[in-house]
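Shared between the two complexes below is subunit A, which has subunit B as its partner in the first and subunit C in the second.
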Partner chain A sequence: MSKKLIHGLFDDDDILMDGVKAVRQKGYEIDEVYTPFPIHGLDKAMGLKPTRIAYASFAYGVFGLLFASWLTWYMMISDWPQNIGGKPNQTWLQNMLAFTPIMFELTVFMAAHLMVWTYFFKNKLYPGQKAGNPDPRTTDDMFMMEFIFEGDSTELESILKESGAVEVNVKEIKDTTGNQLWFKIPKTAVVLIFALSSLTSCSSSDEPQREPNTVYMPDMYYSVAYEPYSADPNGVDGMEARIPADNTIKRGYVPYEIPDTNEGYQEALDSLKSPIATTDETLKKGEYLYNIYCISCHGINGDGQGKLVQNEKYLGVPSYAPSRLPNITEGSIFHVETYGKNMMGSHASQLTSQERWKVAQHVLKLRSQLK
Partner chain B sequence: MHYESDIREPLILGDKSYGDITRDVAAPVEGKANKMWWFVFSLALIAFLWGIGVMAYTVGTGIGTWGLNKTVGWAWDITNFVWWVGIGHAGTLISAVLLLFRQKWRMSINRSAEAMTIFAVVQAALFPLLHMGRPWLAYWVFPFPNNFGSLWVNFNSPLLWDVFAISTYFSVSTVFWYVGLIPDFAMIRDRAVKPFQKHIYKIMSFGWSGKAKHWQRFEEVSLVLAGLATPLVLSVHTIVSMDFATSVIPGWHTTIFPPYFVAGAIFSGFAMVQTLLIIMRKVVSLESYITIQHIEMMNIVIMLTGSIVGVAYITELFMAWYSGVEYEQYAFLNRATGPYWWAYLSMMTFNVVSPQLMWFKKLRTSIMFTFVLSIIVNTGMWFERFVIIVTSLHRDYLPSSWSMFSPTYVDIGIFVGTIGFFFVLFLLYARTFPVIAQAELKTILKSSGENQKKLHKHE
Partner chain C sequence: MYKISKNLKTLSFVLMAVGILSLAFGFMTTPSSVEDVKHQMEQHNNHDADVVEHSEADADHAVVKVNDHHDEAHAEHVFTQMKNRPWAAFYVSALFFFFLALGAMAFMAIQYVAQAGWSVVLLRVMEAISSYMIVGGIIVFLILVAGGLHMHHVFHWMDASLVDPLSANYDPIIDGKSGYLNVPFFLIRIAVYMAGWILAYFLLGKYSTEQETSGDNKPYNKAFKASAIFMVFYGVTSSTGAWDMVMSVDPHWFSTLFGWYVFSGMFVSAIATIALVTIYLKSQGYLEFVNPSHIHDLGKFMFGLSIFWTYLWFSQFMLYWYANIPEEVTYYLARFADYKIPFWTMVAINFAFPVLVLMDANKKKFPLTMVITGVVIIIGHYLDVFVMIMPGSVGSHWGFGIVEIGSFLGFLGLFIYIVFTSLEKKGLLAKGHPMLKESEHYHYYNLEHGDDH
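Take a look at the complex of A and B:
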């Protein structure tokens, strides 16, 4: 016996649904139904299992969330922690709030894209794939049941006809109808597009005339005197502004007069004393600041094994231990914090002098715990 | 099976069958463009080419060609960026949020609205790219293993969040759009007579067959994508607003920004959809599908979001006064009465006053009025971004550095160029893509078609 390909064509979705039910009632299995649009309930009527693609999408979303968590942890915490705006930077959890936008976006990204890839893969859809529908009318207004049938099909054919099939075929038919209309754009639309572009593009003119044509009492408007900070041939230094008097300081600034030299370092080491007493409160503040500004290189114990050292981003960070740095005092620590030393940069712009003294207290505390 | 209350207006007018929908949607693709299309297309192309010219000049010479100065370091570029991204919000909102709410009226407008979204985001993306100055290094914004000491991007920065938000939004919107397009490309493929056309649409339609299992997956994928795209679309403008809100400039540093920006984005996005669809429905004879009712629905959304934006403006003023912060108070006083008072006044009139006219049914069902208003709204929304950005920056804490911003021809040229590029893309789309999601539309013909509704009435 040879196999037959039976196509029942319907011209209405409701009639098709009734037909599907009638055929199934008689015990025939439908191999495929081709429709121009999704028909609700057709999958159930045909006995198709529900799709599990939404579960797949959930799994992809979870993957995206985990991936984003790992990405932010690895780059911002583990591999290269950075002090950004003086915020804690050593644990992922403390930084997580700033990472939520990234975590959300990557969750959506993975859930959406991987689901669509799965959809294409499961449906075998890809560019260049041949059209899968046997009859081109099934993307227009025809609905088709397909049977691959062995044996006598007269009963099936009659069921199809009774349930309202407009055609029952064993062969494929090709039919294309062309219908062409003219593409018209009314003139008013063109004028309005013009209006749109001119309205938005001319909202600011190229060279606006800012100065009025006449000025009342121009001497009052245009200063005869030199502007501050402008060049002034008669000025003391050839400029209008004068250099501030010696020992002028900006507001709130505490001067530090020991110079950034080897002698200066020695002077700080020998004689510089902290203006603030060591208390639990100052130690706590010093530890807090240390754990933001110093920890990435010097490490939480002050052993010079911060993450950046462990990851070999920077090398040569010494331990505070007396065996490695036998000769440091709070004065020399403050000096180094202020000016930096070797690879280390100045922290004077990030920490006030009060804060630097508190950090120095914490460094000494760490040093006493190291061997 | 397909009953719906008579009180609901039909969404498909006239005596349409499934075949009629197919023919009406395929007509603009199968027909030929007339002189008018070529005329408008040429205009858009000229604007686009001019845009390319000034963009090349910007890249070659540097962004010193723009009108920026020491005080106003962000101006038209970011204004245009936010404007375009905002416009790009309506598409996904229509296709995702309205799908979740089962609003049938989205079906005849979602395709074009999404196309508009994607084309608008393309324009938006050009501005940060150009502002980088060295666009060929744009890939540095992505976290990839590198030899610059393996230095990573800064995940704490709102600007990087923006990179992730916009690229996720753009790619997910495109995929959502394309998944819906596949069955409609298949329809055009199956009707195509010329071999070249047939071949192109065969590639584009990925071999779609319309099998029951495929449709089942199609519907599930659409639903899940809608569920994913809904928070996504809200997140994008939230994150855009954080570019401003996380900085400490008076006038920017405010928690109202995320909801306020999202409402504004939907507001301008719907206005752009109106602008485009009112022309398109006429040009490609789709008045039966994009009806007055659709226009009215969108006008109601415009009215609602316009009112939210209005409330936000007034809340900002109130908060400036209530905060007691002198600088915040001055920032808002300066906005309203300073040298940029005209921009503030335009923003207030166009965005707050004009949408209130939509309370009148006669006006919101008038096509001409809607069209004019949609353009007014988008102009107003451009001014909103300009006001927020330039007036907050141009008078900083140091009066000696106060300055004004005036755009150069390069600033204007890039903006006009993106408008041209946008219309080039949209006009090409309207000639080659099925502009209505016809497969989806066919599912509501029986419940919301005019002839079907009449039929049930007489039963």
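Take a look at the complex of A and C:
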């Protein structure tokens, strides 16, 4: 026997509610109810189960949190460790505070977006989807119960009429074997996406602007006074800023006079001596700083096998071992820390001269432990 | 009409007695002079020396001799900190319970300003909790006056020698702030804040009573205006008051969002208190007009504001961690050095617990869930105030003993007594309120009221 499509139309939401209850009482299952506006309590009357989308959202949130934890660990610790504000940075936990905003954002992002996608997926909503509404009057002032029914429907029809349906329609459903695929993307969606992409790519770079833009409150944009570092025809040397007096140094800065040349390197190697004595305290500080600023390339033992080398981001980092670098002294180490050498950059802006000496002490200590 | 039960009355008196006894005990066991402290420290040092003797006895002796003068100053410092401890414990509890009342007052004013309909049946509970502000405010103020009279130095900056350029203790930073941070101006400010807050309480209470018999909505409209003005006043003074009453305990340190941080803590704990009092009254058969949807809404506030508190806590903490500026990180270094356990416990139970327990929509309507979470939130925010006050006033000489627990219980007793006796004075339902019917029929659509109605 073929299936029938039964539509019962109502013109009042209260009558509809009573109708739904009456039909359900007789043991009939309602397939769908179409209404122009949401009716509180209708889902319960129809016997729909409460949505579980909140649990899905929680799971997505947890997934986002785990994903962000993995992402930050992989990017910032494992693959390419980075020094964040001069803090210990070799484990994820040490830098977790810096990652917390990312973890929070991805948790919220995944929970919200995946929940919305789940909602669309479950409701078969996608761009260009045709309205699944069988009767346009239900978008205006009518309420409709829909049944897909097999067998004798006279009792159901009479229940519907008794409970106040203004109209009951029965239609035979043709046996359509080739069911429409839910994911079949209609032409309108393709057209829409194409139109959008062509619109956004249509910025006319060749054409001159017809009207100049307007500056709102020009006094705020164009200073009447000279800008701090601009040219100034009335100023000394034609500049607004002044050149500091000769031999000026910034507070706490210790000048380093040996130049960044091969001869300079040799001079530091031969004759530069540390102004601070090696004690347990300075060694401890040197180790602490080394493990922040140097460890990623030079490795914890100074064998040139830091994470960045192991991951092949940088190659050719030498070991401090006497067999590899027979000719280094604390002076040359300090010189290299100050100016950099080959691939290595200067660390003078990150470490003060005192700190560089302490790191040099630690480097020598590591060297003495290497073969 | 509500009548406070005999058991509750007895309980509140017992708690108050416990509080007074433990405070007396705290003051009695405090070392009475610098000599006592030195004696205690000597005993302590001797004990240490025994251990050291075997290895580096000679070197140790040399150090002790050099540090003789330092020890003198140190003993005095320790003495003031130990003397502060019962005062600080007293102050933490006094301030915490005052904040509960002030937070409830702010919540009530927001109901009027927002013209909220759902909460009308809870207004009398909020009024009763706010009524503690009078006694609680006077106690807090007296403690501050005692500080001004140098009976204690919970507020380190009140020490006059710090702003005397000739003194050995002269502190240029505190002296630089002395234009704002001096005892008379400080007390005047606090008095003005408290007067404003308490005045608003009296006005809202008066209008609410008048509305019961008035035929029109005139008292209600006046309450709306008073609440709006109070909210502006409170918006500024809750922040400046937090600087004075809490942040100035660490006078070198400052944080721009501190006022909101203190506010969010007091707000969430006040809402937890409203929920607890409501659920208690319901369990005694009162407040028959309060339904699970009202409780559910309080749960939503507790959930959301717990996250808000954590957001502010983290905003402050992460920026300091990132920038690592010495004058800023001292605040957290002091907490990491000596207060690790209360500090992290408080973060965990103020954030993780309410968020995980109250996340499920349906759980918030169950009285048991709400009671457990409410109690945890209140304990957590007491610890929050504890961790805000203690490091600046007693440093490493803190403890969680008879004085702390006793003064908390004592103020709890006082709070219960005042809140529940003021509930007796008026009907539990704010009759005549224009939105009373809306509140009585309030039903969160997704919630089954069921039999627990």
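As a convention for this text, the second predicted complex is superposed on the first by the 190 of 371 C-alpha atoms of A that agree within 3 Å, B and C clash if a C-alpha of one lies under 4 Å from a C-alpha of the other, contacts with A are read in each partner's own complex, and residues count from 1 in each chain.
One rule holds in what follows: a residue touches a chain if its C-beta (ideal position, glycine included) is under 8 Å from a C-beta of that chain, and two chains touch if they have at least 3 such contacts.
Please read all numbers here as calculations on a predicted model, not as lab measurements.
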Which superposed partner A:V33 touches (first subunit B, second subunit C, both, neither):
first
Please work out whether A:K130 is in contact with subunit B alone, subunit C alone, both, or neither, and reply first, second, both or neither.
first
Taking the superposition as given, does A:L192 touch the first partner, subunit B, the second, subunit C, both, or neither?
first
For A:T72 in the superposed arrangement: first (subunit B), second (subunit C), both or neither?
first
Is A:Q266 touching anything from subunit B or subunit C once the two structures are fitted on A? First, second, both or neither.
neither
After the superposition on A, what does A:A98 contact: first (subunit B), second (subunit C), both or neither?
both
The answer to whether subunit B or subunit C touches more of subunit A is B
Applying the touch criterion given at the start, work out whether A:G86 contacts subunit B, subunit C, both or neither, answering first, second, both or neither.
second
Intersection of subunit A interface sets (partners subunit B, subunit C):
40, 54, 84-85, 87, 98, 101
Would you mind writing out the residues of subunit A in touch with subunit C in their complex?
40, 54, 58, 84-87, 97-98, 100-101
Considering the complex alone, what residue numbers of subunit A touch subunit B?
13-14, 32-40, 42-43, 46, 48, 50-51, 53-54, 57, 61, 71-72, 75-76, 79-80, 82, 84-85, 87, 95, 98-99, 101-102, 104-106, 108-109, 111-113, 115-116, 119-120, 122-133, 136-141, 176-187, 189-190, 192-197, 199-201, 203-204, 206-208, 210, 228, 313
If we count contacts the way the header does, which residues on subunit C are in touch with subunit A in the complex?
314, 317-318, 321-324, 359-361, 445
Going by the contact rule at the top, pick out the subunit B residues touching subunit A in the complex.
1-2, 17-19, 22-23, 26-28, 30-34, 36-37, 39-40, 43, 47, 143, 149-156, 158, 160-161, 164-165, 168, 171-172, 175-176, 179, 182-183, 186-187, 189-193, 202-221, 223-225, 228-229, 231-232, 235, 239, 242, 275, 279, 282-285, 371, 375, 378-379, 382-383, 400, 404, 406-409, 412, 415-416, 419-420, 423, 431, 439-440, 442-443, 446
